[in-house]
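A short write-up of the structure that comes next.
A, B, C and D are the chain letters, set down in written order, and residue numbers restart from 1 in every chain.
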Amino acid sequence: MPRKRAVQAPRGAGDGERASALSERLFTTRRLSAELVSPLSDEDQVVQAMDDASPTKWHLAHTTWFFETFLLRDHVEDYSAFDESFAYCFNSYYEAEGERHPRPLRGLLTRPGADQVRAYRAHVDEALERLLGTGDVPDAIRDIIELGINHEQQHQELLLTDILALFANQPLRPAYSKAAIAQTAKSVAPSWIEFDGGIVELGYDGGGFCYDNEGPRHEVLLRPFRLADRCVTKGEWLDFMDDGGYSRAELWLADGWTTVQSQGWRAPLYWEKRDGGWRQMTLGGIRPVDPAAPVAHVSYFEADAFARWAGKRLPSEFEWEHASTGVAEEGETLASGALRPSPAGEGNGAPQQMFGDVWEWTQSHYSPYPGYRPPQGAVGEYNGKFMCGQFVLKGGSCVTPDGHVRRTYRNFFYPHQRWQFMGLRLAEDA
Amino acid sequence: MPRKRAVQAPRGAGDGERASALSERLFTTRRLSAELVSPLSDEDQVVQAMDDASPTKWHLAHTTWFFETFLLRDHVEDYSAFDESFAYCFNSYYEAEGERHPRPLRGLLTRPGADQVRAYRAHVDEALERLLGTGDVPDAIRDIIELGINHEQQHQELLLTDILALFANQPLRPAYSKAAIAQTAKSVAPSWIEFDGGIVELGYDGGGFCYDNEGPRHEVLLRPFRLADRCVTKGEWLDFMDDGGYSRAELWLADGWTTVQSQGWRAPLYWEKRDGGWRQMTLGGIRPVDPAAPVAHVSYFEADAFARWAGKRLPSEFEWEHASTGVAEEGETLASGALRPSPAGEGNGAPQQMFGDVWEWTQSHYSPYPGYRPPQGAVGEYNGKFMCGQFVLKGGSCVTPDGHVRRTYRNFFYPHQRWQFMGLRLAEDA
Amino acid sequence: MPRKRAVQAPRGAGDGERASALSERLFTTRRLSAELVSPLSDEDQVVQAMDDASPTKWHLAHTTWFFETFLLRDHVEDYSAFDESFAYCFNSYYEAEGERHPRPLRGLLTRPGADQVRAYRAHVDEALERLLGTGDVPDAIRDIIELGINHEQQHQELLLTDILALFANQPLRPAYSKAAIAQTAKSVAPSWIEFDGGIVELGYDGGGFCYDNEGPRHEVLLRPFRLADRCVTKGEWLDFMDDGGYSRAELWLADGWTTVQSQGWRAPLYWEKRDGGWRQMTLGGIRPVDPAAPVAHVSYFEADAFARWAGKRLPSEFEWEHASTGVAEEGETLASGALRPSPAGEGNGAPQQMFGDVWEWTQSHYSPYPGYRPPQGAVGEYNGKFMCGQFVLKGGSCVTPDGHVRRTYRNFFYPHQRWQFMGLRLAEDA
Amino acid sequence: MPRKRAVQAPRGAGDGERASALSERLFTTRRLSAELVSPLSDEDQVVQAMDDASPTKWHLAHTTWFFETFLLRDHVEDYSAFDESFAYCFNSYYEAEGERHPRPLRGLLTRPGADQVRAYRAHVDEALERLLGTGDVPDAIRDIIELGINHEQQHQELLLTDILALFANQPLRPAYSKAAIAQTAKSVAPSWIEFDGGIVELGYDGGGFCYDNEGPRHEVLLRPFRLADRCVTKGEWLDFMDDGGYSRAELWLADGWTTVQSQGWRAPLYWEKRDGGWRQMTLGGIRPVDPAAPVAHVSYFEADAFARWAGKRLPSEFEWEHASTGVAEEGETLASGALRPSPAGEGNGAPQQMFGDVWEWTQSHYSPYPGYRPPQGAVGEYNGKFMCGQFVLKGGSCVTPDGHVRRTYRNFFYPHQRWQFMGLRLAEDA
């Protein structure tokens, strides 16, 4: 579940970055939030599609509250809160920051209204500008701004996945963005890339920002393995479905099988059978399923069953991270405008689609790295408290803001969750 | 539960009414809906506060759908539906009218937006004007319009009670209407009015509009009884609370006691203890509890327990209706602007507060009158199907539109429900 | 729900009965409980088949606790309780008698064991014998014994219906009694018996024992009506099923329709489709459905839907009671040994099957009679507290102990309940 | 959850064991099951205390069904099943073996009765004797018998923990075994034992029987760590409670905190506050809490919170297994007769209490070892399907049959479960 949004103080991040550059990144991020919201009505922004999701307006206000609470309140003299009641409304889960509006009731918050939230953002932005305009920015402030940028980026992704969840519940199935067009690339068979075993060093290595859960960097013992050079496609998923994938108990984890039956799963989330064919609700509205594109919106349970069906397995988070060495940390992310995962190209011996497109489920339970300790204070409340029963995903998705993800990034969700852009890539022992 | 909104063809109603007068009543009612909504933002209108409630926007669209479906579609040549998908979105519970959006998901409908619903209303109003502008209105159409007016009035009341439920869930406890001011009248002791027994005729007697469940008129055998000349007040309710009313099992129906414990009830709905004193969320915001005003937002379980505590009982619906003979069908209803129940005056030997202020719980289960048959067709789907496990309330409330209620009117809710303006008046055997 | 087992002090009951006769009735009743249990293993007696049911052992102990608590403890000098902890274990719902073991956990009580419960019964019976052996029995004691007899008879019926619920959950579908054989009588068409309207006196009239809820006797205004001379049969129910009875929303109360869908009801309780035909779990094991016998194990929702489908209605409790005047208060009850409802014979102008066979649903909500007041004290805790949302059933069933039921007897259950032997008889306006 | 009871064919187990020795181990195990049941009535054996538990009778029958299904049916010519319906009744979760009685309804099975289950056991034992009496036992049969012995041992432990759960629900809190006496040893402070890091080989090494999930043996990279030489005691747990352990959110995993609040946890399972002091339900009845004994019946959530409070952490399963090298695989297990964890003695530089007393929570999610593949066929249905969201426990408990546990044994439960004898031992980085 994406409640993991508190972050560790960056270690050495941006030491050499000029204040003006930091400021530009900050306000670029802040502006992007506003742009993402532009296709939405005020009504769209107030509703909570399901317990896991949050209203758009809440995302906008909560990311702003973050700066107000952890930066302006403490570091800007004479800063006057926009509205004292907002702390109660827009705290997410920081127990140390006091009582807060219950998560499942976020969708009842019609007041403060969207216009007030816009004013709130302007108020805080103005204070941030004053703070950064002075030119000389101490490290402590710099660190929190870096945190706030990354925090807001995470909520930008959630904002889009939550809007998709909302729009999929509209009888009219509206499009968030008309511009996004279905791909019709040709499907390419996957190749297998082999990696040696041995002791490797993994985890955050000190260059730039990271979350606390990416460290400490530590040695990991790998065995030789092979990794597919691209993600599993929707065409392959249709084969799994046609082969009875959703009705064969032997393919599933016990908890997965229970979920399949109680939820009546027969296909990935957002797939609908219409007129005999499968169509899919996307941010571009209802579209035919594209066989060449990576499957998305599948749970860990489904990914694991698919891998078993295919005679393969999911990679561990360490295998994935190791395999990503040398792959540039970029791909079809938010700025590409696709708003959906895109088909892979012809293989060239290197892993494709590692960054962007879909978050890739790994077989690794989300556990602390050796020597991990959560940071002190409310800001460090904390990736650690979610290290139980979830699985690690790697690589970012088509709605991850550019520059947000990196090879050590550990996303995590429960094995039944599937409203994010989640897919998979196969692995096997060498 | 207020899903009872389909109604029987009026019997003889308005035979002598000119088409222009009917038209005026229709458009006055339609305009009132728009006026009631004016203090609300679009965001306020989209959210569903709880399963029993509906979003404002839904009320506005559903009442419009009613005219489109039961009148324009069948009786206006060349009528073109505003949007074919609206039938799915805004049908309430008419099984005969096909599939519909699930009730608990009404609050997810951000599309169609409030602006489209306003356009929908204008589109239908314009068609209604054309229909009525011809001067000559056949009885069949007249009947449906009468139905539609009453139907919309019911939703006007619900719209206000549902907004109260929503605003009570806002951390900021906003006021729907700032104008409404707390009363501070002096409390007056109740007097008891005695009525003879015998056979009386009750139920709809043929003058004007009624719902199907108000008939057939039939003979009822009454025993001598006494009725309080006013409703139970909040001051009296505080006495009940102070005397352990909510913690004494012997005062409660078994199901009521279970509900008190599972829900943690300690006071009427919308009451909050702040700084040692009781305050109450109202359409005018948070206000001190006024001891002289009728208690509202209490369930049947609570009303019944209070009566037992007081050594009295609730009246039957027949006693209430009989006692109302000779009392004018008017009182503190919506047009008074109070938006809350008002204190009674000095007694004068006649029942006060019979109409308006609060719906009064009776001890009568909601059952069919002898000889009752629901009308045919979808429009008659139908008060009858709710005749199970609910109780009858009489007299209307402070948010009932003027002219809507009458002495034969039978409102009904489940014994645990309390988000309407519901109160009680005591009775005893003579 | 059958928690109504507390009873009012009998009014004038048995004034002329000699102590020895009362004693004989008492111990005959006590022995019958033991006989009913004889086909059961200790294991059968400990398990609770569902929340509405209780374990056999619990019934045996609770009826014994009743005598100990309300009679021996107060009226027998030097009476020594069998085990002080039993008061906690075997109180049903008497709030005034202190804390008690939670109802849904009754099935966890393996200790005290069945042998201890048998010893408990012997201990209390021995004390009762001493008490009654003195010859001179004061009225107060006489009244409580009468209460206790009737109370135990109610639990004898429940014991059998709860065992049926348990055995229906056994994969092996065992028979409680092998002796009971399926009837194969020929079905006879129903006749309609007409009754005049007018004011009639109904309710308990002073001769013998009754429960508090059967009075006060009072005048009721009836309209002319007709009543079927027999109950609805399983053959007629199959016609209803074949005509889509369980899939036509328009036949059902709204709450009934919701229940049909959420529970997946397609037939009466205990019916199973095997090899293309309907079979039914009975106290005699799995048997073919007998078309001539009265349908049983149908809820109020189903009875009401059937009546609507048939173009008739259910009788009111007052119509039923009035129609029973002149019909002997006897029929196929427990001593007949049938353990299932039996087919009616040829009509003879008088109502058949009024007593025994199946409890007959009426259209009457279970409400207090005019002037009703529950008796004081724990013994009077009390039919009154269940007067909410339930419906009245009349006439007793094939597992009601002989002599237990009478024409004024008011049984009551919630409209969704159907594990008792519940059926229906049709009525219509004359 | 202990549904993991299917096992892999033993690899090389008992190659040198003579048939007579295997036979003796088999029947010793079978007899032990009967002995464990001797203090119980038939009633005790039929009831299911909670969804996680199973009735005693079910354990007895299921372990017998295992031999019938996987051995006798296939390997004994002319074997005649005791009762064909038992396959439906007593299959646990083997999807490949067909439909089965739903787990939560196991407690409804009063038929077949306990006497039939005893006859079933005798029937199967007799066939097993015939099979083994021939002297020459092929490897395939030998393997299944080994499996069956270990399978039955697991159910022996469950049988006892489930009886404790049942007896803790009896108002009378009966003792399973009166012989067990409370210890009153003196508490000894823990010592810390240091271990070097490096690459170690862990997992099943080929000597004797193991489950599939204990292999393949593989290299693991450890970092230097320290391990406490004994388990956490109840006295230390009381300190945690006194320091607000159950009310300080910052000590808990997010899911743990939710559980604490929703379940109202304030102490380990089976602890009760009576007369101001803590007492504990045990297999010996209600006893005072012994401060020197290891705490038991705590969930992973609680173990993790305690470790955080203590400034330590739980060991990984690999650290635990590595530390156990050189420690004899024996301790206070079932044959000791204690039926509860016993206090540690004075430290001597080696880990105490590693085997027996309590299962020790590790920080390791239950995941497959590298190269793990579940065995084929129904018998291999399979530890693998539970590898999701659970945590590994090591070392066995006071109710684990002697010889059942070993250092590579991996038990696993969900983090909220605590009805097993579960405790913890602290670790820290060196």
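List of remarks:
In this section, a residue touches a chain if its C-beta (ideal position, glycine included) is under 8 Å from a C-beta of that chain, and two chains touch if they have at least 3 such contacts.
What you see is a predicted model; the values in this text were computed from it and never measured.
Common neighbours of chain B and chain C: there are none. Distance from the chain A centre to the chain C centre is 60 Å, each centre being the mean of its Cα atoms.
Chain B has its Cα centroid 47 Å from the Cα centroid of chain A.
Multi-chain contact residues of chain B (touching two or more other chains): none found. Contacts between chains close into a ring here, every chain touching precisely two others.
Every pair of chains in contact is given here: A-B, A-D, B-C, C-D. Taken in their complex, chain C has these residues touching chain D: 41-47, 49, 57, 85, 88-89, 101, 105, 107-114, 166-167, 169-172, 174. Residues of chain B touching chain C in their complex: 3, 93, 95-96, 199, 218-221, 223, 249-250, 252-257, 300-301, 304, 363-365, 367-368, 370-371, 381, 385-389, 415, 429.
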